[in-house]
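In the two complexes that follow, subunit A is the common piece, with subunit B as its partner first and subunit C second.
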Partner chain A sequence: MDMDPVFRALADPSRRALLDRLHTENGQTLGELCEGLTMSRQAVSKHLVLLEEANLVAVVWRGREKLHYLNPVPIAEIADRWIGKFERARVKALVDLKRELESDDEKA
Partner chain B sequence: MSDPAFVYVVYIRATPARIWDALTDPDQTEKFWFGGRFKTDGARKGSDLELWSEQRGVDFTGQILESDPPKKLVWTFQHTREPDSLDGATTVSYELEVMGDDTRLTVTHDGFLDNSSLRRGVSGGWPRILSSLKSMLETGAPLTRAA
Partner chain C sequence: MRKPDAVFVTFIAATPQAVWDLLTDKARSPQFFFGYVMSVGGAAGEPFTVTRADGTPDVAGKVLVHEPPHRLRVSWDMVAMPDVPTAELEFLLEPVDDVVRLTIRQFDGGPISDSFVEAGREGWSLIQASLKTLLETGRPLPPIKPRPPQ
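Take a look at the complex of A and B:
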């Protein structure tokens, strides 16, 4: 699998913010995704194209409206490539611990 | 129809027929679905289905609603171990489309109640199952479940 487009897409904080928004609420239109953002509609649209090309965003058409969905399959492929069978549970335990300890400072 | 809750897309270097077989043959699902045998009566419309594994027993049951091999399979999904779940059956669809040398497999899962525990569980499950399917078909090695 060519992972370069995935890493390139994830390297940008604005694009990660868009994925966060879809993680909170899946299936949004471009207009909905733009709400409350300082980015221009054009910039958001460009970011979405890159995310789509990296297969991190999947698109479903509702009439003439395009709905955007977070597609975490490439991220699962990355995790499965480097996290071994017996490490998974331990890695998850550490991530959970970190989240628990930091939850006062930061929103999970 | 409401908008789907989840949409997952994976590109696999295999023909739609090969992927269809993998998705509907219990011997193959056992390999990539972490031990789960997807049992149906030939994936025909109206056929009952279940996912059964030696470690977990029956995970879910359902029925095939639509079957158009090797392009589209729609089935209901009713989890057997969600004690506090008010969800009735949810609906899963597989759609397969040739894209150059690859096939695009789109999985949608819909019909959840808001904030249901099933919905949260499902959102963690599909990405790994699809990653494992891709790995099995492209490299011959499915992923193994965490200990």
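Take a look at the complex of A and C:
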């Protein structure tokens, strides 16, 4: 698998922000994604093309409406390459622990 | 058309028939489905089930659309969680150049908790990655290849 487009797409903070928005609310139109952003519609549209090319965004057409979905599969493929079957559970436990501890920090 | 709640896409260097054969092969399903056995009935209306390695039923459902080797749609009921509304899962296998685009569309039966959304994301991503690895390399998951320091 050619991972270069995935890493290139993820290297930009604006594109990561778009993925964050889809992570929160999946299946948005370009118009919905632009709401509340300082980026121009054109810029968002360009970023989405790169995300689509990297397969990090999957598109579903509903009539004339183009819906954008976060596609986490390429990230799973990266994990598959460097994380073994048995390590995955341990890595997940560590990530969960970190999240748990950090959310406690925020509350304190 | 109803809007899917989640979409998962991967490209696999194989034929649609090879992807379909693996996806519907009960004997090989534990190799890409976390050791669970997925059983897909051979026609619309027949049962669709997922069973854990110890024999506990996990998912009960029905085959809704059975169009080999391009489209499979099933209903999805979590056996141990009757409160979770019945979902539907659709598998689309489309040839693109000389590879297959495998799309999984998830249609929730109603609002589900965030932890369920996350579990679905993680689960389907890993299943797709496993299907791809299995079809392209013949191995269930790649071995770890640590790189020596430069």
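Some notes on this structure:
To be clear about the criterion, the second predicted complex is superposed on the first by the 103 of 108 C-alpha atoms of A that agree within 3 Å, B and C clash if a C-alpha of one lies under 4 Å from a C-alpha of the other, contacts with A are read in each partner's own complex, and residues count from 1 in each chain.
Throughout what follows, contacts are C-beta pairs under 8 Å (C-beta built on N, C-alpha and C of every residue); 3 or more make two chains touch, one makes a residue touch a chain.
What you see is a predicted model; the values in this text were computed from it and never measured.
In the three-chain model built by superposing on subunit A, subunit B clashes with subunit C.
Once the two complexes are overlaid on the shared chain, A:Gly27 sits against subunit B and subunit C alike. Once chain A of one complex is fitted onto chain A of the other, the partner contacts of A:Ile75 extend to both subunit B and subunit C.
Contact with both subunit B and subunit C is seen for A:Leu67 once the two complexes are overlaid on the shared chain. Contacts of A:Ala58 after superposition: both subunit B and subunit C are touched. 1, 26-27, 55, 58, 60, 62, 67, 69, 71-73, 75-77, 80, 85 are the residues of subunit A that lie in the contact sets of both subunit B and subunit C, per the superposition on chain A.
The touching residues of subunit A, counted against subunit B in their complex, run 1, 26-27, 55, 58, 60, 62, 67, 69, 71-73, 75-77, 80, 85-86, 88-89, 92.
Within the complex formed with subunit C, the residues of subunit A that make contact are 1, 26-27, 55, 58, 60, 62-63, 67, 69, 71-77, 79-85, 87.
Subunit C makes touch with subunit A in their complex at residues 1, 3-11, 103, 105, 121-122, 124-126, 128-130, 132-133, 140-144. Per the touch definition, subunit B reaches subunit A in the complex via residues 3-11, 106, 108, 126-128, 130-132, 134-135, 138, 143-147.
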